[in-house]
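Each of the next two complexes has subunit A plus one more chain, namely subunit B in the first and subunit C in the second.
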Partner chain A sequence: MNNEDNADKKGFLSAFHKFFNKIKELFVAFAKRFKDASTGTKISHFVMGFGNIKHKQILKGIIFFIVQLGFISLMVFSPEINATPFGSKSLVNLITLGTEAGDISNPTDNSMLMLLFGIVTIGMILLFVMTYFASIRSSYKADLDIREGKLPTTFKQDLQALLDERFHIAMLTPALIGILVFTLLPTIFMISIAFTNFDSLHPAGQVLFDWVGFENFVNVFNGTGEIGHRFLPVLGWTILWAFLATFSNYIGGILLALLINRKGVKGKKVWRTIFIVTIALPQFITLLAMRNLMADYGPINTFMVNIGLIDEPINFLANAASPWVARITIVVINIWIGVPFTMLMTSGILMNVPRDLYEAAQIDGATKRQAFRYITIPYVVFVTTPYLITSFIGNITNFNIIFLLTGGAPNVPGYIAGETDLLITWLYKLTIDQNEYNLGAVVGILTFIITATATLLTYTRSKSFKEEDAFQ
Partner chain B sequence: MMTEAAALKPKAFKSVKKSERISNILSYGLLGVLALIWMFPIVWIILNAFRTEYNTSGQLIGIVVSHYFPTQLGLENFKLLFQETLFPRWFLNTLMVAFFTFILSTFLTLCVAYVMSKLKFKMRKRYLSVAIILGLFPGFMSMIAIYYILKALQLTQTLFALILVYSSGAGLGFYVAKGFFDIIPDSLVESGRLDGATNFQIFTKIIVPISKPIIIYTALTSFIGPWMDFIFARVILGETNVELHTVAVGLYYMMYGERIDSNVFTIFCAGCVIVAIPIVALFLMMQKYYVEGVTAGAVKG
Partner chain C sequence: MKKALLILALSFTVLLAAVGCNSDNTLKIWVGSESEAFYTEKMVEYVTEYNNTHDEEFPYEVVVSGVDTGTAASTFLDDTEAGADIFTVAHDNLGKLIAGSSSIAPITSAALLAQIDADNPDSFKDVIKGTVDGTTYTFGIPYIAQSLVLYYNTSYITAEQAETWEGILAAAKAANKQALSLTGTDGFNNSFLLLATDATDHSTSLELYTDGVQENCFATGDDTIAKLKWGQSFFLDANGAKKPSESGWEVEISDEKSISVIGGAWHFSAAQAALGENLGITTLPTFTLTEDDAYGTAVAGTVYKSGSFADTKMFVMKKNSERAEYLEDILLFLSSTAVQEESFEAVQNLPAYKNAATEFEAFQEDTLEADLASAQVEMFSWGIPQPFGFSSRFNTYFYSKGAPELILAILENAENAYSTDQDIYDQMVEIQSIWTTGLKLE
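Let's look at the complex of A and B:
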C-alpha cells in the first residue's frame, strides 16, 4: 500500500516536473528565437505583421496587424451589446456578474449576458495569443528562408499550402468554428451556470444572480429542494430504464433477425421492409400515435373492455396508483420502436458470419443446433458488443420516448420530475419549462459524468479503441 | 439389408421435410403476427387521416375515437390541413432547411472524417478525445445557451439559424464516416502522393469518387433529421412565430401546443401522412446504404 502511494506521489511529482520543464523550454525557445530573429521579426513581437510586411508578405502582414488593432481596440473600448460591455470590462463582469441591482433610473445588469460575454472574451484572448505566436512564427520562417537563400513564401503559395501540406487546417476550420460557437461555448456556459443561482427567481436582466460555488451540487447530496429529493429516484429509474431498454431491444432484435433469416423463409426483403418502415417514420408521429392508441377511451382500451378482458380502461401512461404501469408500458412500446433497428444491424452481421467457421464445425461433426449455439451466437455477441455500449448510453439520454409518451407522468406532487422522467427529460423541464437553469445545468453535468464513466470503462477496454491505430 | 435401407430412406427424408415444413409454417405465422403488431399504429394513423365522420350536428369528428376502422373515408382532413393551417408553408420551410443542412452537413462530415482518418498532424489525437468528451454532454443542456448565443448574433427567428445548428453537429458526428475511411487502404493515398498529387487532389479525385456509400448515408441522415426534430426547432424559432415552424414543430403544436384543440387529431394524422411519404420513400430507396452505414458504425463503435 505504502509503496503504491509512494509510486503515485512520485508519478505525480515527475509529471509536475515535466510540465514545468516544458514551460521552461518554451520560454527558452522563445527567447532564443527572439535573439536570432531579424529586426523586422523582432518588431513583430510588438507590432504584429511588421516582419511579414518587411519581407514583402504585405497582405499577410496587414491581416496580422488588423487582428492586433482590432483586439486592442476591443479590449480598450469594450463596446456594448445589449447594454452589456464586451471586452476587458467583461472580464471584471465575469467575476462580479453585475453590480447594478437596478432602480427606476438604472436598468439592472444582465448577469447572464455578462457571464456569456466573459467566457467569449476569454476565448478571444486565447485565440489572439495563438494568432500572436503564429505571426512571429510566420515572420521567423521568412527569416530562415532568406538565410537559406530562398524567397519568403508569397500569399499565393501560402494559400496553395492549404490544399496540400496544411490541408487538414483547411478541412477542419469550418467544422471547428461550428463546434466552437455551437458546442464548446454553450457547454462551458452551461457548466458555469451550474455554479450560480441563475434560476426562476433570478431572471436575467431583472434580478442579479451570482456565483454560489458548489452549493447546487451539495444540495443534490444533502437532500435539499427539488434536486435533492428527486435526483436519486430519477437516476435509479434512468439506469434501470437504460438496462431494460437496451437488453430488450438487443435480444428482441437478434431473435427477429434470426427469424427473418431462417433458411425456409421466403420474401426476406419484404419482411425486413415492413419492420424498417418504423425506423424511417419520425418518432413524434409513431409515439404520438401510440399515446393516443393507449388513451383511456382509445381503441386498445375499448377493445379490451369489449372482449371482457378488463372492466375499466387502464390508464397506461399516467397511472397514479403505481408508477410501474407507465414504466412497463414505456419499455414495451420501446421494443416496438427499437427492435427493427437492432434487427437491421444484426441481419447484416448474421449474413457475414465467416463461412469457414461453419465448415470447420461441420467437419467436426457438429449439428446445426450446436453450430448455432457455439458459433452464431458468440460471433454476433462479440461483434455487437460496442453497439450494446453505445445503445446503453443512447438510452440514458433517450428523450423522445419519455417526452412524447408520458411527459414524465405519473406526477410526483410538489416536484417537477415525475415517476417516469429520465435525467434528460428532467433537464429539459428544468431549463425550458421552469427556467431553473442552474439545476438543469447540474443535472446535465451529472448526466455527463454517468455517460462518460460508462464510456471510459468500456471503450478503453474494448478492442476497437485499442485497434484504432492498427488501422492507420 | 439393402432393401430395408432403401425402403427406410425415403421415409426418413419425408419426416425431415415435414418437420421443416411445420417450422416454416410456424415462422410465417409468427412473422405475420409480428408484422401485424408493427403495422397496427401506422395503419391507424393512415386510416385516421382519411376518416371523415360527422356528428349529429354535422361537425367533423376530429378527436381520437374508440373504434379502429373508420365508418366513412374522405379527403376532408387534407383539405382542412391545407386551408386552415400553414402546413404548406411549414413543408417548404422544412424542405429548405433540410436541403441546406444536408449540403453543409455532408460536406463538413466528410472533411472532418477524412482528415481524422487519413491525415497525420499534431492535434489529431487530442481532437478525437475532445470530440468524444464534448459529444457526451447532453445536447439539451446547451440548447438554452445556443438560443442565447443565436440571440446575441441576432439570428433567432430565422431558418438560417436552424441550418447552422443542425450542421454544426457534423464536426462531432463524424465517427461512422471515419470508420468508412479507415477501411480504405492507405496505399491508395500513398500512390496518389507518388504521382505528385496534392492532398486536395487526392481527396477530390481519388477518395470522393469511391465514397459513394458513405456520402449517401451521411446525406440521407442529415436530410431526414430536420423532418424529425421538434425540440431544437421549437426552442430556437420560438412558439409564437407560426410562419417559421417546420412540419415537426407545427404538427407537434397541433397536438400539444398553446392552441391545443382536441378536435384536430385527424388533421394531425393527415399531416403525418404527407410528411411520412417522402421520407419513407427516400429511406427505402437508400436502404442499402443506410444498413451499410449503421452496421459499420455500430460494429466499429
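Let's look at the complex of A and C:
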C-alpha cells in the first residue's frame, strides 16, 4: 500500500468520524434539551403541540397537534388516490412497484403512481420530522421565555413577525413550495424512472414495471438498441451545435455592435431599433417563417431557380440530401435569430466601458488597436462570460430551433433519433412519441450531468469568477 | 423556518382533504372535436327518451367533449381515472389500450354484439377484437370508416386519366407538372404501393401481422418487389411522384406544382381550399407492370390496383367504470345505422355501416361529399384495416423504426443504392426484420 492510498484512507476515516460526531452532537443536544425542558415540552416529544397549549399558545399547539394527527392518520389508514394507496403502504409499494398484475375484470397496480406516491410520502415524512422538531423548539423557546420572565409569544405576534423580522420566510415560503412540488419532486421522480423498465411495453396501470438497477445506463455504453447506437452521435452533434450556435452569435453580435457603435456611423439608434424589432418577434414565429422561406417552393429557392442559379430547388432542412446541409442551415438561421440579442447586450456593455481606462491608455501612448485589444475585448469578455456559459447551456437544450425547423430530420433509418436531433429533442421523441420513459430519463440525467459539468468547469475557471472585483 | 414548515404541512392537509372530497355525477363521453355538437344533441335525445321510457330519471349528467381522436387513447391512458366512460379511438389504438390487463372493458351486451355483427364488414369485425390473458374479446364498436382516395386537379386530369397512374403521368408530362404529391413520408403514405393488389383477383403476397401475430409479415414476394420497381420508375420520372416538400402538399397542389394527391377524408377541406372548383375525387388508380418492372412470377402487363388502409373509428368503454351498467345501451344507440346516417349528413362522418353506400339517401346526392364517401367506400374493397390493433408495439415497428424511410430510399433510389433487383430485395428483407422485431438486421 503506498502513501497515497494511506492518505485516502485517512481522509475517508476523518470524514466518517466527523459525520458520526455531528450525529452524536445532535442526539446529545436533543437529550440535553429534553432533560432541561418543562413537563409540557417533554410531553410535546410525544404529543406535538402539548407544550405550546400548556404555555397558552393554544392555536399554535392545535395546529401542531393537527399536523401530527393528520400525519399519523395518513400513515395508518393509507387513503387511496386513483386506486393507489398513499401513506405507509406507499413505502412498501415503492419497493415492490406493485404486485397485482390484474386481469380483464380487475385493475393492475399502477406502478407509476406507486413510485410517485412513495417518493411523495418520503418527502412528507421528512417534512413531518422537521415540523416535529420545530414544535419541540417552539415549546422549548416558550420555556426559556418564561424562565427569563418574558411572556411566550402569542399566535398574533407570530403572524406579525412573519410580516416583520421574519418577512423573508413569508416571502420565500411560496417559492420553496413551488420548488419542492414543481422542481424537486419531478426531478427525483425522473431520476427514479431511469432505474426502472417503465417503457412502452410496461404502460402504467396495465402492466407492472420494476426496478432494473443500472441496466438502462449500461445500455448507453454497450451499444444496445436505440440508446446504445444513437447516444454518442446525438451527443456529438449536440455539443458541436452548442459550440457553433453560441460562438457564432457571440462573435457576430460583438462585431455588429462594434460596427454600429463606430464613430462616424450615422443613425445608430435606427440601426439598433431595427435589430430590436427582430428580437421583439416571438422566436417560434421567426423560425416558422424561416422554414417557409427556405422550403422547396419557398421564396429563396424560387428566386434562385428564377435567376438561373440552380435548376432544381435545394432541400435545406428536413429533406436535405446531406445532414450537414441541414445542420449548417440551422446554424445560419440561429445566427439570424441570435445575433441581434448579443449585439444589443454588447452595445450596452461597450457604452459602459470606463472612459478613464481609455484616457489612461491614451496618456501611456496606446494606439486605438492596442486599446481595443487590451481594454475593450477583456472588458466585454469579462462581463459576458456568465452569459456565454448560460448561452452554451441554453443551446444544448435548445428545443425550439430543432423541433420547429427539422423535427430532428433527416431521419436515420432504423432509429428514432435523426441527424439533427439534440439530446433534448431526442428525449422528447423517446417519451412523448414512443413512451420509452426510462430511456428518456437516462438521456435527461446524462444531459444534466453534461450541462452541470460544463457550467462548473468553465465558470470556475473564468475571470468573472476568479476576479469578481475587477473592473470596479 | 418553523412557519414555513407549518404552512407546508397545512398545504398538504388541505390538498389531501380536497382530493378526498372529489366525486362527480357525470357520465363523460369523448368524441372527435368536429362531432361534439352532433353527439351532444344525440345524447340529449337519448336522455329524453330514457326518461320517457323508464320509471326513474337518467341518473347521470352526460357531458360530451370534443377531443383529438388521434391522441384520445394516449390522453386516456395518461390518467384513466379521469378519462371518459365512453371515448372514440381509431382501431389501431386498440393494442395500447388492451396491453397487459387492459384499461378498457370488453362488450358483453348480446344486443350490442349482435348489432356489431349485423352492421359491419368482416374486416372491421376482426380489428375490434383483442386478446387479454389468452381470451379474445370484442372491445370496439365501429361507427366511422375512413380510407385513402385520390384528390386531383380536373383542369389537368380527366376522369378517364385519373383511373390509372399512367394516365395521370401522361397528363403531368403534357403540362410539365408533378404527377403526385404525398402528404407525408410515413408508412401510411406508401400504402398505395405496398398494399396494391392484383386488379383482377385482389391477390397479394404481402403480409402485415396476419392474424395479429407479430412474426406474420412477408415483404419479399415477387409481386412486392415488382410493385416497388414500378414505384421507383414512377418516383424517378421527372414528372412522377415525389416525397413531400418542405413547403407542404397544400402549397404543391394550390401552386399547381403537382396535380394530384393521395389523402383521407381529413384532407378534404384542405384539398378543397387548394383546388376549389377544380377538385376531383376518385378511388386510387391502377398501374401496369412494364418489362422493366417484371420480377419472378410478377410478369409484365399485370395490372395492380393501388391499395389503402381502410380503417374504422370505434367507441370503447372505460374498464371498471362506475356507470358501466348504462354504457352499452348508450353505445347501442350511438352506433345505430340511423345515428350514423345523421352523422354523415351533419358532419360528413363516413359511416362504418356496411350497406351505407346503397341504403343511405345522402350518398346518392351529386355533391363532392357524396363523391368522397363513395370513393372511400369503394376503396374498402381494395384495402385492409391497419393491422396494428393487436399489440402496443406494432404501430411503432411499422411507422417509427425507420422502415418507411427505407422504402422511400428504394423509391428514390437514394445514392443509386437500389438499382438492381437484388438491392431492392435485400432492403425489403431489412424492412421485414424491422416490422417483425423492431430491429434492423445486424
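What we mean here is this: the second predicted complex is superposed on the first by the 450 of 472 C-alpha atoms of A that agree within 3 Å, B and C clash if a C-alpha of one lies under 4 Å from a C-alpha of the other, contacts with A are read in each partner's own complex, and residues count from 1 in each chain.
Here is the rule we use: a contact is a pair of C-beta atoms (placed from the backbone, for glycine too) under 8 Å apart; a residue touches a chain by one contact, two chains touch by 3 or more.
As the structure is a computational prediction, the values presented were derived from the model and not from experiment.
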item	value
Partner chain in contact with A:L176 - subunit B first, subunit C second, else both or neither	both
First (subunit B), second (subunit C), both or neither touched by A:A366	neither
Which of subunit B and subunit C A:I81 touches, first, second, both or neither	both
Which of subunit B and subunit C A:N315 touches, first, second, both or neither	second
Superposition-derived comparison: subunit B or subunit C, residues of subunit A touched	B
Touching partner for A:D103 - first (subunit B), second (subunit C), both, neither	second
Subunit B versus subunit C as contact partner of A:Y297, first or second or both or neither	both
Which superposed partner A:V212 touches (first subunit B, second subunit C, both, neither)	neither
Subunit B versus subunit C as contact partner of A:L185, first or second or both or neither	first
Partner chain(s) touched by A:I375 [first = subunit B, second = subunit C, both, neither]	neither
Interface residues of subunit A shared between complexes with subunit B and subunit C	81-82, 170, 172, 176, 292, 295, 297-298
For the subunit A and subunit C complex, residues of the former touching the latter	63, 66-67, 70, 74, 79, 81-83, 86, 101-108, 124, 127-128, 130-131, 134, 137-138, 158, 162, 166, 169-170, 172-173, 176-177, 180, 200-208, 225, 291-292, 294-298, 313, 315-319, 411-416, 433-434
Parts of subunit C lying in touch with subunit A, wherever the complex brings them together	1-13, 16, 19-20, 77, 79-81, 96, 99-103, 106, 132-133, 135, 137, 243, 245-248, 251-252, 255, 257, 319-320, 392-393, 396, 400-403, 405-406, 409, 434, 439-440
Touching residues on subunit A, where the partner in the complex is subunit B	81-82, 112-113, 116, 160, 163-165, 167-168, 170-172, 174-176, 178-179, 181-187, 189-190, 193, 256, 259-260, 262, 264-265, 271, 273-286, 288-290, 292-293, 295, 297-299, 301-303, 336, 340-341, 344-345, 347-349, 383-384, 386-387, 389-390, 393, 397, 399, 403, 423-424, 427-428, 431-432, 437, 440-441, 443-445, 447-448, 451-452, 455, 459, 462, 464-465, 471-472
Residue numbers on subunit B that touch subunit A, as the complex places them	20, 23-24, 27-28, 30-31, 34-35, 37-42, 44-45, 64, 66-68, 108, 111-112, 114-115, 117, 119-121, 127, 132-134, 136-138, 140-146, 148-149, 152, 164-165, 167-172, 182-183, 186, 198-201, 203, 224, 227-228, 230-231, 235, 248, 251-252, 255, 265, 268, 272, 275-276, 279-280, 282-284, 287, 291-292, 294-295, 298-301
